[in-house]
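Chain naming follows the written order as A, B and C, and within any one chain the residues start at number 1.
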Amino acid sequence: MSEISVLPQPMHDLEVEESRAGLLRWAASVDHKQIALMYMMASIVFFVFGGVEALLMRLQLAIPNNAFLSPETYDQLFTLHGTTMIFLVTVPVLLGFGTYIVPLMIGARDMAFPRLNALGFWLFLFGGFLLYFSILAGNAPDMGWFSYAPLSEKSYSSLGGVDYWALGILAIGIGTVSTAINLIATVATLRVPGMTLRRLPLFAWMSAVNSFLIIFAMPAINAAAAMLFIDRNLHARFFTPDAGGSPVLWQHFFWNFGHPEVYIMILPAFGIISEVIPVFSRKAIFGYGFVAASTVAIGLLSFGVWAHHMFAVGLGHPMDIFFAAGSALIAIPTGIKIFNWIVTMWGGTIHFTTAMLFAVAFLIEFTIGGLSGVIFAVVPIDWQLTDTYFLVAHIHYVLFGGTMFGILSGVYYWFPKFTGKMLSEKLGKWNFWLTVIGFNATFFIQHVLGAEGMPRRVWTYPDLPHWYWMNMLSTVGAFVLGFAFLVLFWNIWRSRKMGEYAGDNPWSAWTLEWATSSPPPIYNFAEVPPVHGRRPIWDLENPEHTDAKQGGRS
Amino acid sequence: MKSSSVFSPHSSFAWSIYHLNVFVLIAMGVILLLVSGLVLYASWRFRAIGGEGTPKPNFGNLRLELMYTILPAMLLAAIMVFTVRTMQSSDPPQGAHPDDVEVVGHQWWWEFRYPQAGFVTANEVHIPVDTPMLFGLGAADVIHDFWVPELGRKEDMIPGTHGRIWLAADRANTYSGACAEFCGVEHAWMRIRVIAQSKQEYASWLHQQQQTPALPASGEAAAGLNLFQQLSCANCHTIRGTGTSGTIGPDLTHLASRETLAAGRLNNTPDQLYLWLQQPDIYKPGSHMPNLHLTDMQLHSIVAYLETLR
Amino acid sequence: MTSSEFFGNKTRLAVLLFLASEGIFFAFLITGYVFYHGAVKNGPDAHNSLDVLKTGIYTIILLSSSATIYMAERALKRKQKGFSFWMGITVVCGLVFLFGEMREYMRLLQQNVTISRNLFGSTYYTVTGFHAAHVTIGIILMGILLLLSFRGGIKEKDHIGVEVISYYWHFVDVVWVAVFSVIYLWSTR
């Protein structure tokens, strides 16, 4: 490496941390890698909570007229499950990937604001504790993850569950915004010289766009949650109809946040896929510009479609049509991504590592979820299928088949970087196939269940034709899926100690995080390779065939 | 029990949604086949088998990318045109048409008012076949949602607002529906029965519902009536002609003419009515109908009385 | 300064992003107020309860503090004297504004206009209360700056810190302009 670039300096002294030991060193850490790992570990714990909640629900739903759980318990379970999976699992784990990988990808030593980074993490954790403390306090929230008024108001939810929910969301919201600001500042100011925005790795691109979504979407729920809290505790009247308040206003506020939130949960996963597919196809990404630009388009559009969650409210046909058209439009930039990934694979040399398997499965599973989203954007069909198990199927195909498959791909891809050890590919294959089978068994049938008239959020159901076996299949699938995660956890646990050594760049990947040791030293890079294109390591290793010489624009 | 599938439409409204649904499902199915076909083909065709050199990079192709920008846009435009047309046919304008039935959602039962005929009933609604009926939708407490899949769209019932939807049935039959917005503990047991009848049967049903049932003069039933008036039942329930006017629970004036109890939880047989009155908290935990710890004798009397309410 | 230099300062960038987020937060609160404007048919509302004139005067005081903080910043940038002086005036303006708002609250509460009275009360106190909290935070931040400068700690190199606090203060003022226009000036029926 001939050229050594001068690094933009983060402003904290690194020596201080190394003197502290053990747990305290983690707790007091401001190193982006440690904070990121804490994000991920906390999310895994919450994921086990959310997953066990789901398994309990599925047990209750396995047979009709079941009395395994009380209705109150069931309602608490799906509220906690939804809130946990969204606020305490997907968003933080993706922020975790972002805080770990983005600074490395752009050749920085840390995030722009290391202390703010720690603050963001601890606020998120505090919010999670608040939410789960409600169980110890004896009344977990039980009004569903979108907390529709007036059910969430004091008259109908007199216990404190909703208050814990509102305060927890506020804490998480503020923490998430601060991390998002940090990510943008990092990408904007700490890129190594040579790394122009047009050479920025796609994962970093998508994390940055995602951060903008967070910054602009979170305030809506913060305002709404504050109002709800004031309603409940100071007896204000924002959302109480008997005093003139409007339940529909809550819905507008909530979905102004809620819709962008769903893209907040998918964009970084798109980013992961955009890294994994090229590396294991041994080809540069096809249509970098379209992939990056379509991300921006999705981000912009996502603020104009919120009322597609409210077609059943009866807002009037003109409103419905406007929001339906906006929702359908989002399919176009999303489709561009899907096709660009496929063309990237086309003509490549595809290595089916576990990371690649998950990425390829993502393409199909997410498409199923996206297509059912388009079905919901068709207003009359939404009038039929909203709030049924067809919706439960949609959200799990996008959130699990999309986001979670992306995350799993990312775990297999970056674990060597995080730990210096390889995950077992053999266990990985088991993990993959069990996940695919369990996931589709659990959720595909729910499309049919919804069309057969089964509403969501029912703690039990009558023995209508076909409902029994379809629910039973779904429950069995959920346990297979649970087992798949046991394999993953075992794989992580085992490989962390006994895995093969990874070396710096086990996948022969091309972005800068692979140009340093695994795990990277606290200062990240002794020296950063020069950046003349989108694939710095490729350029370095193939000076005769650099991307620039092969005709890649940058 | 009856099916409640969106794929067995039984009204012009539900049919038009059904057609749209089939069209969109086929379109989405084709896209899914295309995408998964390409993915699987590429996975197989370009899998690494060793020996191949580094593949030739391909950084982009504007023509190709524009193609898969524009083709989906055209398909979506077609779907949207179809959508708008179906919105009109499945949810036609209501004009100044008066509400034929007023539905009020309660935690966790349905109140059905027939403003023209002037009576109130619960949980089961009768309509004449082949006659579109305008349903007015309101709620007494939280948001509920009225949905009978085979007959048409659903709509939220938001307290403080008044929604309206058309419903019709093309065949005499019982159609099963449900509350489709989470409304608290017993949202699961808030099921709807729509009973479509020939015009004559409907007329005689209307006539019968308008009658005030005769008061039993003697025997078990008279004792039951007494209990009903003296116990707290009267605070929550109305039975016309008995001087009771509670509105917290369903109107029981013609209870015995209904097929089910407690919004579909139980069948309306004397035995199950007995069980319901004995332990509503077991059959519908969380329900606002309290367990009044009635004795066996009291229960028998009340059931005997309620069974007279044809 | 080019725009890439301007946004290239991470502190400035972060604070601007933060303020964008805050701005949206207030936009939603104010939307809540606008949504319920005129919802109160009889009972206290903006028209019959608010004191537009007095609050108008306090508004002018708050707005002029945007100018004084600008002066403070300029003094620092040009290495002139007067930083503490102008900063002190800004803090005083903020305090006077809070005092005025407190008086308005006291008056309203005496007339039994509370947050739970009706939709006007709920929306009015929520919007102005969150704004007042932001003013308070601003005063604390500026108070810290003032203390530091008395101890001789503020130099031209700390300029960016002062600059972003002044952004924050301008932001609080702009929000108040919106709040005042929507709640006070739009109070006729």
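Note that in this section a residue touches a chain if its C-beta (ideal position, glycine included) is under 8 Å from a C-beta of that chain, and two chains touch if they have at least 3 such contacts.
This one's a predicted model, so the numbers in the text were calculated from it and none came from an experiment.
> Could you draw the chains as nodes, link the ones that touch, and say if you get a line, ring, star, complete or other?
Shape = line; chains linked end to end, path left open.
> For this structure, which two chains have more C-beta pairs in contact than any other pair?
Highest contact count belongs to chains A-B.
> Please work out the Cα centroid separation of chain A and chain C, and write it as a whole number of Å.
36
> I'd like to verify one number: the distance from the centre of chain B to the centre of chain C, where each centre is the average of its C-alpha atoms, in whole angstrom.
About 51 Å separates the centre of chain B from that of chain C.
> Do you know which chain A residues sit against two or more other chains?
Expected reply: 244, 246.
> State the interface residues of chain A toward chain B in the complex, per the touch definition above.
Its residues touching chain B are 70-72, 75, 143-144, 148, 150-151, 155-156, 241-242, 244, 246-248, 281-284, 286-290, 312-314, 317, 320-321, 324-325, 328-329, 331-332, 335-336, 338-340, 342-352, 360, 363-364, 367-368, 371-372, 374-375, 378-381, 383-388, 451-453, 455-465, 547, 550-553.
> Across the complex, what residues on chain A touch chain C?
112-113, 116, 177, 180-182, 184-186, 188-190, 215-216, 218-220, 222-224, 226-227, 230-231, 234-238, 243-246, 249, 253, 256
> Which stretch or stretches of chain C touch chain A in the complex?
Against chain A, the touching part of chain C is residues 7-10, 13-14, 17-18, 20-22, 24-25, 27-29, 32, 35-36, 39-40, 115-116, 118-119, 121-123, 125-126, 130.
> Would you mind writing out the residues of chain B in touch with chain A in their complex?
Interface residues on the chain B side: 1-7, 16-17, 20-21, 24-25, 28, 31-32, 35-36, 38-39, 42-43, 46-48, 52, 54-61, 64-65, 68-69, 72-73, 76, 79-80, 83-84, 86-88, 90-91, 107, 141-143, 145, 147, 149, 153-156, 158-161, 163, 176-188, 191, 264, 285-286.
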